[in-house]
Amino acid sequence: MFKVLNLLDPLLVLSAALMGVTLYLIFQWVPTELNQGAVQRILYFHVPVAWGSMLGIFVVSGSSFMYLWKKNEKWDRLAVASAEVGVVFGGLMLLTGMIWARPVWAVWWTGEAKLTTALILFFIYVAYLMFRAYFPPGGQRQRLAAIIGVIGAIDTPIIYFAANLWSQAHPPIVTGPAADAESTLGSDLGMVLLASTLAFTFIFIYLVQTRYKIRKSEDDLVELKRTSTSSSMPAGAN
Amino acid sequence: MVSQATQLAVKAEVVVKNFGATSVLHDLNLELPIGEITVLMGTNGAGKSTLLRILATLTQVDSGTVSIFGADIATNGPAVRALTGSVLHSPMLYADMSVRENLMFFADMYRLENVDDLIAQTTVMVGIEPRIDDRVRTLSHGFQKRVALARALMHDPQLLLLDEPESGLDSQSVDRLDRILDEYRSSGRTVVMTTHIVEHALELADRAVVLFDGRVGFNSENPQRDREAIQEIYSANRISISSLESQPQ
Amino acid sequence: MKGSLAIIWAIGRKDLLLEIRNKEVVVSVAGFALLVLVIFTFAIDLNQGNAKLVGPGVLWAGIAFAGVTGLNRAFALEVENSTLEALMLAPISRDLIYLGKALGNFLFIAVAQIIVIPLFAVLFNLIVFRWEMLAIALLTTLGFSAVGTLFAAMSVRVRAREVMLPLLFLPVVTPLLMAAVESTSHMVNGRSWSDMAQWLQLAVAFDVAFIVVSAFIFQHILED
């Protein structure tokens, strides 16, 4: 037996501590970027959650493939756990990106290749989760969900290539005050980003692990229900 | 060992099948020899139809192995399906094509030759030749069932799987079905069927397999002799299940 | 291999025969796409510059949305009388069923386009009767039917499958849609093959990848 929320989970303690350090670095330690102003600090959240959502997609694809190959439940649990966490991170990435882009690029959204790719992938993995929610439970649902995961992975390079070609044909409108200026922060920026990315990576792993455990106990519950209903019947007739 | 394995039409070992929280089959073991008519019996939800669907390769087992004429169905799908003919719950016909068009299409799917002669013979056998050019949509349920039987017999399968074939048939058609099944058995082929008419099944069958609680509860090699025992199990199951349901949780 | 091609063709021909009798898929796809085009002629002031600018996008968005309804319909047909199970009972490997159904869908969407594209030319006053258009339409339709057949087969057992199919289908075919719109846009602006070469190559890569992967993966979809 395990407790779902264990406040002394080493991973949780570690990510909380790292997050504290990161917050200090972002809001106290690192100086304000001169061209963009305070809004630049959003980058320290945006880049790590973007990294987390990519990690999520990567894990979904990998474990979907493994599920189709090995048919082991644990790969399905890992896929659904990282899809859910990855979609949350992806939503945060899109949101923080837009908040940052409005003052800096003077637009909320633009047809830049990475943005387009991120948005389409976000939709594919939202569809993945909706499919899981709508499909009747059982082995077939897991198999079909894994197929969507694999197809998303195959589609990713094609989407990126197309988005790249597209943004070459339609150069993104980036007219903000400081769009082309060099950063005034130098190596400080990289340092804070590194700390923040580490903190978010640990949170990502912690959340996926927790979701995985919940999924596992859901499966155990189903198993328990199944054995209890069949054993409550009288034994065979001979 | 090998020769013994090839004597069996169907061999199922520790088959498990769950649908979500419901366990349909668990640890089912079954061996059916070649050349017999076997009737699968059991209450609703005992797993008869699921077992037939597994034998027809439409449903995958969660664990365990099933082989038909010695070939594992998980790895020899197409080869096993070539030896098997199935009539399941639904007639599985294209409503807007005629009987002939349906049969010709499925003959293509089975890569059959001399299709015209074959269709002529089979439709006479099941008694649908007067309506061969009518659209399936216009046929009664009983007629559609007969067309489905024709589709299942066309490629001359060694193993015939029938899920309640009498439903929707009048007594004449049931007699015709019995003659077809008799002929089948006498030419050394195998039939596995379910039925809701227990009496009729016991007269016809060489073997009765009663499924209970996802397993084989009773395997009788002489259904006529074991008639009373089988019916007792039947009624006992009914009682035990209904009393179970009425118990407060 | 000869046997396999005969099976694929038999499934496609059967779909075509049913379609000739019901006219459900082609009429609904063409009708829906035409309505999209007509609504846009009111929504946008179509002077010559605008038509060239938005026309290709409107055309392919219309065909994509209309295609989804057709794909849904084409697979629902196999499920209504459980005939998909009869196909699964036949001693053929599952990839042939996939390829046969994809062939049927390809033919339906292609026929719908034969109706829609000339009317697009009329409504938007653009010249589309060129070899480029044929190549673009063929490549796009191939990709649509490859991905659409796979997802339609997956969505048949879903509650609210009318919603599920577009949610799965549209994001995945976005690269193909971009390729179709951009190449058509080059074409109506009178540019040459070489300008659209990269987009056509992308469409070919997409089609090849998804036909191969779908045929391979289809066996996992059918059994329950």
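By letter and in written order, the chains are A, B and C; residue numbering begins at 1 in each of them.
One rule holds for everything that comes next: a residue touches a chain if its C-beta (ideal position, glycine included) is under 8 Å from a C-beta of that chain, and two chains touch if they have at least 3 such contacts.
Small disclaimer: the values here were computed from a predicted structure and weren't measured.
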Pairwise touch network: line, ring, star, complete, or other: complete
Can you check which chain pair, B-C or A-B, has more C-beta pairs in contact? B-C
Chain whose Cα mean lies nearest the overall Cα mean: C
What's the distance between the Cα centroids of chain A and chain C, rounded to whole Å? 31
Could you state the distance in Å from the CA-based centre of chain B to that of chain C? 39
Here the gap between chain A and chain B, centre to centre from mean Cα coordinates and rounded to Å, is 48
Chain B residues touching 2+ other chains are 60
Among chain C residues, those touching two or more other chains are 223-224
Shared interface positions of chain A, touching two or more other chains: 136, 138-139
Give the list of chain C residues in touch with chain A in this complex. 150, 154, 157-160, 164, 167-168, 170-172, 174-175, 178-179, 182, 198-199, 202, 205-206, 209-210, 213, 217, 220-221, 223-224
Quick one: which bits of chain B touch chain A in the complex? Just the residue numbers, please. 18-23, 26, 60, 62, 210, 212-215, 217-218, 233, 236-237, 240-241, 244
If we count contacts the way the header does, which residues on chain A are in touch with chain C in the complex? 68, 120-121, 123-124, 126-127, 130-131, 134-136, 138-140, 143-144, 147-148, 150-152, 154-155, 158-159, 161-163, 165-166, 169
Flag every residue of chain B that touches chain C in the complex, lowest number first. 56-60, 77-82, 84, 86, 88-97, 101, 105-106, 108-111, 151
Touching residues of chain A toward chain B in the complex: what are they? 136-139, 222, 225-227, 229-230, 232-238
